[in-house]
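The following pair of complexes shares a single chain, chain A, combined with chain B in the former and chain C in the latter.
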Partner chain A sequence: MPKWFTPAAILCGLMFAVSPLLIANAPYESTMGLVQKIFYFHLPSAMTFLISGVICGIASLRFLFGGDPRHDRTAWAAAELTVLFGLLTLITGPLWARKAWGVWWQWDVRLTSSLMGWMVSVAYLLVRKYGGPGSDKLAAGLALFGMANVPFVYISVNYWRTIHPATSVVPTLPASMGLPLWWCLAAFLLFFTLMLRLRARLEEQRARLDDLYLSLDE
Partner chain B sequence: MTLIKRAVACLTLLLLVSGGAVFAQQPAAPEQQGEFLPIDQLPPQDQLPAAPLLITAYAVVFVGFFGYVLSVARRLGTVQREIERLEADIKRTRKA
Partner chain C sequence: MFFRTVWLVLRKDLTVEVRSREIAYTTLFFAVSCVLVFAFALVKEGRPIEDGAAGILWIAIAFAGTLALGRTFERERQAETLRALLLAPADRPAIYVGKLLGIVGLLLAAALGLVPLVALLFQAPLLDHPFWLASIVTTGTLGFSAVGTLFAAMLVRARTRDVLLPVLLYPITVPVIIAGVRATAALLEPELDLAIVRFWCALLICFDVVFVTLALWTFEPLMTD
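Now for the complex of A and B:
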């Protein structure tokens, strides 16, 4: 593993340890009250979910046109993390919505497109697991659709009528709410970077294992 | 009175009677429906507590992270052990 991995892992642990204190000290939002504090983990989950989908798509594109297996490994790792962060977004969101909107789920464009993006990532993993020979390129094609969905998810709240808050909310947050949000987002992105490296390492080791089996057969 | 006039009079009477019966069956609108009640002014038994939802959300994230780290570490450990075993086998084969 690279030298930066262990210090970064310690830093990430510390950031997550401090985050509940920052969130607890953040002021209550006037209309939603306590439940709004889900926001400090929901938005970083959602942002990481979208960033992960883009990384998966770019790595897949480079694999499709360059053929370098390192990019394929990165795409696979990013797809797994897209599923993880997407799942966290799709669980924390309804928990917040139940109190704020009175319903667990609403088939509006932001929620539906997020669910679609998550399902594309699940499809990527299923293709990799059960697709057989050639599944790497087929899955890479799927990842491109997943990446194409990301801007649609992001801008959907600004163009369609929806009960989900628009993207203009975050830049207008007061510093007392902005600090815990950006802190949590940094912690989430650091965790994502660490996991991406660790998961790609797993694929590297699997490739090495395959090479060893081949050399044993020879 | 002609037959047509009689028929029209009967039909009008029938409509009036049946219409009256239909309106008579409509329940009176409850008073609450005409008013807006902010959610924080609901009686305590009707309010949804926020704390369990908040705790669940944070717990889900931490459990998800922890589970994923464990899953990757376990898979990496398995592959690492397999590599070490194979490398030892290859060394033994070459010596023999």
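Now for the complex of A and C:
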């Protein structure tokens, strides 16, 4: 493991431990009240979900055109994390929507495209698991299409009249709401980086073990 | 040279198809059965549900497309001709474009049969605006087939290709299907709002551009062993 891993993991744990205090101290939003506080976990998980999708796409691209299996392992790890953070987004979103909009789900562009992006990452994992030989390239091709969806998810709220708030809301937040938000986002991103490194390393060790078995057979 | 290769691949596929008519017949038959199932389910007391026709037309095209894609490449696999095609000293993207045009042609032919059937069974005025309907169906089919051709070609070597093709294809092509359904539904409104139709058509063209570009770009590395 790299030297930075343990201190970073401790820092990440501390950040998550402090985050409830910051969220509890943030002021209530005037119309939604308490339920709006789910925002401090919803937006960071959504951002991490999108960033993870992009990282998966870029790593797949480098694997496709360069052929280095290291990038393939990163892409795989990123795809699993895309599924995880996508799931968090898709759980926290409807919980909030139930109270704020009165419905669990709305077929607007932001929600539909997010769900679609999440399904692409699930399909990625299905291909990796059941695709058999050659599935690494197949999955890499899929990841590229998944990455193409990410900017669409991001800008969708600004181009369509949707029920979901636009991206311009975030910079206008008062500092009392901004601080817990950026704190949580940093914690999520740090957690994502740690998990990505850990998961890619696991695959790396597996590959090395396979090589050792093969060399023993010879 | 590029267009010559495209033409040769396309002509080969069409010749095989014209001689056997296998994919055309099976695809059309399957699509018609789909539409019939929906007609039984969604037409109550002679009145179809609102906007049903648009959705069903696109579901039928998507299902038929999956069938046609799987079969086209299965044929290449059985005779090991895909390997020969890839070994030929020709541009890979040209091979892709040739295959893509063949599939788009097949699906458009199936749509020619489907549109009147859906219009009839769901009492939908689908044929009132033939130009717009043709543009929507063509751009939608192109977007769907662009992704489909790439993945079906890649899946030729996979063991579980029959299961994986829909698993890969549908999440990615959902936007195309949505745009196609919305555009067709807008055509069916009693008072046609061309701005809405134009908007969804423009979106379909955007998807086509993105999907075809990505597919052309990745076809070569993806098809290399």
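Just so it is clear, the second predicted complex is superposed on the first by the 218 of 218 C-alpha atoms of A that agree within 3 Å, B and C clash if a C-alpha of one lies under 4 Å from a C-alpha of the other, contacts with A are read in each partner's own complex, and residues count from 1 in each chain.
Just so we're on the same page, contacts are C-beta pairs under 8 Å (C-beta built on N, C-alpha and C of every residue); 3 or more make two chains touch, one makes a residue touch a chain.
For clarity, every value in this text was computed on a predicted model and none was experimentally measured.
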Fit or clash between chain C and chain B when superposed on chain A: fit
A:Gly33 touches, of chain B and chain C: first, second, both or neither? first
Which of chain B and chain C A:Arg98 touches, first, second, both or neither: first
Touched partner set for A:Met116, first chain B, second chain C, both or neither: second
Partner chain(s) touched by A:Ala200 [first = chain B, second = chain C, both, neither]: neither
Which superposed partner A:Phe145 touches (first chain B, second chain C, both, neither): second
Chain B versus chain C as contact partner of A:Tyr130, first or second or both or neither: second
Partner chain(s) touched by A:Ser45 [first = chain B, second = chain C, both, neither]: first
Degrees between the directions from chain A toward chain B and toward chain C, using C-alpha centres, nearest 10: 70
Chain B versus chain C - smallest C-alpha distance in the overlay, whole Å: 23
Contacts on chain A seen with chain B and repeated with chain C across the two complexes: none
In the complex, chain A residues that touch chain B: 16, 20, 33-35, 37-38, 41-42, 45, 84, 87-88, 91-92, 95-96, 98-99, 191, 195, 198-199, 201-202, 205-206, 208-209, 212-213, 215-216
Chain C contact footprint on chain A (complex, rising order): 64-65, 112-113, 116, 119-120, 122-123, 126-127, 130-135, 137-138, 140-142, 144-146, 148-149, 152
Complex interface listing, chain B residues touching chain A: 40, 48, 50-51, 53-54, 56-58, 60-62, 64-65, 68-69, 72-73, 75-76, 79-80, 82-83, 86-87, 89-90, 93
Residues on chain C engaged by chain A in the complex (per definition of touch): 147, 150-151, 154-155, 157-160, 163-164, 167-168, 171-172, 174-175, 178, 210-211, 214, 218, 221-222
